[in-house]
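Dropping the structure in here first, questions after.
The letters A, B, C and D name the chains in turn, as written, and every chain counts its residues from 1.
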Amino acid sequence: MKCHELKVRVRYSETDQMGVVHHSNYFNYFEMGRIEYLRSLGLVYSELEKEQTYLVVTEVYCKYRASARYDDVLIVRTWVAELKPTRIEFRYEIVKDGDEARQIAEGFSVLACLDKTRKPVVLPGELKDLLATEVSRI
Amino acid sequence: MKCHELKVRVRYSETDQMGVVHHSNYFNYFEMGRIEYLRSLGLVYSELEKEQTYLVVTEVYCKYRASARYDDVLIVRTWVAELKPTRIEFRYEIVKDGDEARQIAEGFSVLACLDKTRKPVVLPGELKDLLATEVSRI
Amino acid sequence: MKCHELKVRVRYSETDQMGVVHHSNYFNYFEMGRIEYLRSLGLVYSELEKEQTYLVVTEVYCKYRASARYDDVLIVRTWVAELKPTRIEFRYEIVKDGDEARQIAEGFSVLACLDKTRKPVVLPGELKDLLATEVSRI
Amino acid sequence: MKCHELKVRVRYSETDQMGVVHHSNYFNYFEMGRIEYLRSLGLVYSELEKEQTYLVVTEVYCKYRASARYDDVLIVRTWVAELKPTRIEFRYEIVKDGDEARQIAEGFSVLACLDKTRKPVVLPGELKDLLATEVSRI
């Protein structure tokens, strides 16, 4: 299975009064994991946007299994679960550095490709070719 | 169907460089909708936490159908889809004020009840009774 | 003194593990206060941006005197402290609804006007005229 | 001059519809810079809080000189400008990695020390001794 790992340290502002990371922040971790995964494959997302091709999130899900806390170093594991002509499904798993057997959260996001008029289009050939060999069905 | 409506104006800081609301913010809108729904039923969530009873998000999902933009007034519709001994499932729909036929997003969140030791417990009787007649399966 | 008041309820996600509103959120409250102040004068900032005139923050300051907490209803008081050819200084005071004698925070922000090429320009006549009679030096 | 440098990559969610980092995020960068500076001196702030000693922000300021953009790698320079019995003033400068001569932002924050009852106290001896030789007046 092809999987990318990104380490992220939890910021103070990401905690809430329950003393744990507020659940909305996990979608930023997922996004960062996805972007660094693409960068590791040679695709810099900010360059894609400069060419007026956009990947937009159309669906997200997260299941929270344990709490992440301030100053924790989290490992965001990202992989490609499905590749369709106009959509990509990324899956994610978050664990804590040094306690990697216990899952903190898992989830997915579906991304669609838009052109400069913000209409859905098929994924650019370059992106599709890059991801075609990355799909991991687990 | 019993459904609560909350109006929220989109903040500048909630937009991203695509010119739309960043997808992670919708979970704050959902949370605000849920909290105001409970308040409308007479349950002030901040009071519940003072008694060391916590409702924590264990699962969330959102499907994005159209963009929300800066300064839009959004209507967050919240209802209870399911009530189990230890869990509540809230569902949400977001539309734009003045264009209410077109859905911007829909989603759900599952909440579990924790006691002061942060262990899962059955929902407090008061909360369960309050929500029992609110469940709307649609 | 001409002063605008906006009520904002503290969101759960705005708290941190100290149990209070994280200090970075106050700048969103200031921004919301400023935008609603302008709206009350007849100037809708989102319309200004559609005409490719931008007001950008060049300087901000905040002094924190007491804590704001989850579910508090805050009152954001905003006024214009100074109006220069290319800049506006807004000042702010935040108090808690129902306990308005005690200041929670105070601060200021300086805004500059940019044109569509993102170069500094003099404030549009309409905006300047609108604010000219609002300046309150206290 | 003793100064700590932290690299931070700008997240997509930190941008706003003007295409730049929203000004409120700089205070998170400052906080991260300060925390990593303390860690580099051997003081782990999360450990300090476990002993119920809190450093709280009482004042912050930022001057924005140039825009930071999505995917930029920023360098947050942090130093101690002043050390008083109950307060520390940190100063910050943010530049872009690879374009370090041009300042993006500069600012300061004043932190006070609170005990477990959240009352102001003198800085713990350990912290004071650690910072005493770090003060850089520039």
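By our rule, contacts are C-beta pairs under 8 Å (C-beta built on N, C-alpha and C of every residue); 3 or more make two chains touch, one makes a residue touch a chain.
Not measured: the values here are computed from a predicted model.
Undergrad: Counting shared numbers against all numbers at the contact of chain B and chain C, is it over half, same, or under half, different?
TA: Interface between chain B and chain C is built from largely the same residues.
Undergrad: Of the other chains, whose C-alpha centre is the longest way from the centre of chain A?
TA: Relative to chain A, the chain whose C-alpha centre sits farthest away is C.
Undergrad: Per the centroid of Cα atoms for each chain, what is the distance between chain B and chain C, given in Å?
TA: Inter-chain centre distance comes to 28 Å.
Undergrad: For chain C and chain D, what's the span in angstrom between their mean Cα positions?
TA: Measuring from centre to centre gives 24 Å for this pair.
Undergrad: How many angstrom between the C-alpha centroids of chain C and chain A?
TA: Using C-alpha averages as centres, the distance is 34 Å.
Undergrad: Mind pulling the residue numbers of chain A that touch at least two other chains?
TA: Residue numbers touching two or more other chains: 12-13, 17-18, 24, 28, 31, 49, 70.
Undergrad: Per the contact definition, I'd like the list of chain C residues that touch chain A in the complex.
TA: For chain C paired with chain A, touching residues are 12-13, 15-20, 22, 24, 69-70.
Undergrad: Which chain D residues qualify as touching chain C in the complex?
TA: 17-18, 23-25, 27-28, 31, 49, 54, 56-64
Undergrad: Spell out the residues on chain B that touch chain C in their complex, using ranges where they run on.
TA: Residues in contact with chain C: 11-13, 28, 31-32, 35, 44-46, 70-71.
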